[in-house]
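Okay, so subunit A shows up in both of these, paired with subunit B first and subunit C after.
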Partner chain A sequence: MADDYVALANVTLSASATTVTFSSISGSYRDLVFVASDLKTTPNAGNINIRFNGTTTEYRGVRMTGDGSAAQSATDGTDRINKAANTPNAGSEMLILHIFDYAQTNKHKLCLLRTDNATTRTETAVWRWVNTAAITQVQFFLSANSYASGTTFALYGIRA
Partner chain B sequence: MLIPLGILAVAGAGGAAATPAYDLIATATVSGSSKNIDFTSIPQDYKHLQIRFVAKVTTTTQRNIQFQFNGITTTSYAAHRLIGNGTTVTSTASTTIDNIEVPNTIARSTTAGLVGAGIVDILDYASTSKNTTLRGLFGLHDSTNQVTLASGLFNNTAAISSIRITHNGGTTDYFDTISRFSLYGIKG
Partner chain C sequence: MQLIQTVTVGAGGAASIVFSSIPQDGTDLILLISARTSLAQTAPALLSITLNSQGSSRITLKALGATVTSTSTVAGRAIAINAGNSTANTFSNTSIYIPNYTSTTDKPASIDTAVIANDSTNILIGTDADSFPLSAAVTSITITENANNTIVQNSTASLYKITKGSGGATVS
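This part shows the complex of A and B:
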């Protein structure tokens, strides 16, 4: 039986980069899963931002965060998907982004995002991209600073 | 750094194939005239199951997704939830109930294209020496915005051979055809 959780791309940064873009994403799958590991920024902390198809509008989300002192929830409606707090320039953070029905043109794109950093916080969020276009490009970028060398991004496609 | 996936796909070709471990068992047909989604005759040769879904109902009220196993509709279930609604984080529990329910997970019909979504893991489903546990991550951005972590218990050691997915709406509040429910088997 064919494997229905398919590795599509895997990159480990050999040098720092402000933006990592996955382009020409095939529409042959049902869901996409991005896994970023050993995330850290350089030279200072910076927040991860995510955009689809280069679009800068209509991202709306709800977060739930625990930082070891308090549990908090907040909404965000903005020009990109992001986290409640910066990714630090030390230690290691991981991110898992699920995008449901990313190639379907009859629905908004709903995403579930988990980010975890053992030294700062754990966060889970739902994001809705209010756009029915098929997603063919996903961009991970930093508004300030860069992803450090050694950060890994992997993309998987799930069949349905 | 730009990663054109077409080039990476060619560059990665020719390697030894790994043994598949994550298989699509079935994607349910959503008729638009039923409030129940049933997965039956589930193969017993996987270690865990995963359900991935997007969901919307045909009426103007958000709904709570519900799970039942093996046709059991008695009070054999329990659930706990950690919920963020954009303002506060709350925790709720239901014990001795007739289904595993997660509130505010299914979009209403009001806004075209809007759905709720979730990923549900059912662990050791084929074991006959353990009660079945379920864990899930759910999200909805509708009139009520909510992200939820949930756990569920089916207080029964029978192997899971069928799963019913339904909701707390009325009998004529159907799953919209835009919905999708997919069941996967994970080998272990």
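This part shows the complex of A and C:
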């Protein structure tokens, strides 16, 4: 039986990098799932940013965050998807980005972003990209710092 | 994503659910649990989860009824589940994602849990960031109730593996 959770791409950084880009993403799946693991930055300050198709407008979201002592929620409307800044190298940080109906051209795109670090916080967010275009490119980038060597990004497609 | 094994608890319940000899040819693991305990209370109970008999530290964010809290724990029990006196026929659901389970570095885990009941004060949704200090590949996973209670009949746990692809990204 064919696997309906299809591995599409994977990269483990051999050197530090500011941007990891997945381009020419096939529109053949229902959803996309990105998993980042061993996520570290140099220096140790990670406000990971995500953009679709290189666009810099119309990302709106709400996040809830627990840091081990306080629970918080916040809304955001900006030129990128991001997570609340933390110090990712303090623990073993992972990220899961699930983009629903990414190839549909009749709806805005909704995604769930989960970032977990047992030393600093757990965070769940939902973001809307206010755009009906199919997503063909996803960029993970840092504004001032770099993803450290050893950080891994993987992409999976979920068949309809 | 491929199913490795499903365990279904039979009559009489079980003290634990164990996955052993986990194949080492995947990249990530997903564990899906539907469980209830015999512990005689209505508030959510807790199971423990270990990888290779190793527990975890964690940060939890949860809403129990109308109260939202975040706590930090080193070791101890992790997964919230329906207890024995909660609404009948209700089992909690938990999803656990473990990336790079064959690596020789600490194992993070992303955990989502839901406990449902007619009693609104004992409904729970939780997200956990876990870290297992395990410098070896994961070969076993154990889900355990305490010594005086059991995981009840019809509880299930299914373990899946995901295998990564290659290439397909540019780095700059």
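By definition in this document, the second predicted complex is superposed on the first by the 156 of 160 C-alpha atoms of A that agree within 3 Å, B and C clash if a C-alpha of one lies under 4 Å from a C-alpha of the other, contacts with A are read in each partner's own complex, and residues count from 1 in each chain.
As a convention for this text, a contact is a pair of C-beta atoms (placed from the backbone, for glycine too) under 8 Å apart; a residue touches a chain by one contact, two chains touch by 3 or more.
Note that this is a predicted model, so its numbers are computed, not measured.
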- Task: Answer with clash or fit: subunit B and subunit C placed together on subunit A by superposition.
- Result: clash
- Message: Is A:H108 touching anything from subunit B or subunit C once the two structures are fitted on A? First, second, both or neither.
- Response: first
- Task: Identify the partner contact of A:G68: answer first if only subunit B is touched, second if only subunit C is, both if each is, neither if none is.
- Result: second
- Task: Identify the partner contact of A:M94: answer first if only subunit B is touched, second if only subunit C is, both if each is, neither if none is.
- Result: second
- What is the contact status of A:S37 with respect to subunit B (first) and subunit C (second): first, second, both, or neither? second
- Task: Pick one for A:A154: touches subunit B only (first), subunit C only (second), both, or neither.
- Result: second
- Message: If we overlay the two complexes on their shared chain A, which of subunit B and subunit C does A:N117 touch? Say first, second, both or neither.
- Response: second
- For A:D3, is the partner it touches subunit B (first), subunit C (second), both, or none of the two (neither)? both
- Of the two partner chains, subunit B (first) and subunit C (second), which one does A:S26 touch, if any: first, second, both, or neither? first
- Message: For A:V11, using the defined touch cut-off, is the partner it touches subunit B, subunit C, both, or neither? Pick first, second, both or neither.
- Response: both
- Query: Looking at the overlay, which bit of subunit B runs into subunit C, 78-86, 114-122 or 168-176?
  - Reply: 78-86
- subunit A residues contacted in one complex by subunit B, in the other by subunit C: 3-5, 8-9, 11, 13, 17, 19-23, 64-66, 71, 114, 124, 153, 155
- Over in the complex, which subunit A residues touch subunit C? Could you list them? 3-11, 13, 17-23, 35, 37-38, 64-71, 91-94, 96, 114, 116-122, 124, 152-156
- Message: Using the touch definition from the top, list the residues of subunit B that touch subunit A in their complex.
- Response: 1-6, 8-9, 18, 20-24, 27, 52, 54, 82-89, 113-119, 137-141, 145-147, 149, 178, 180, 182, 184
- Residue set of subunit A touching subunit B in the complex reads 1-5, 8-9, 11, 13, 17, 19-26, 30-31, 60-66, 71-75, 98, 100-101, 106-108, 110-112, 114, 124-128, 132, 153, 155, 158-160
- Touching residues on subunit C, where the partner in the complex is subunit A: 1-2, 27-28, 56-62, 68-72, 97, 99-100, 103, 105-110, 127-131, 162-172
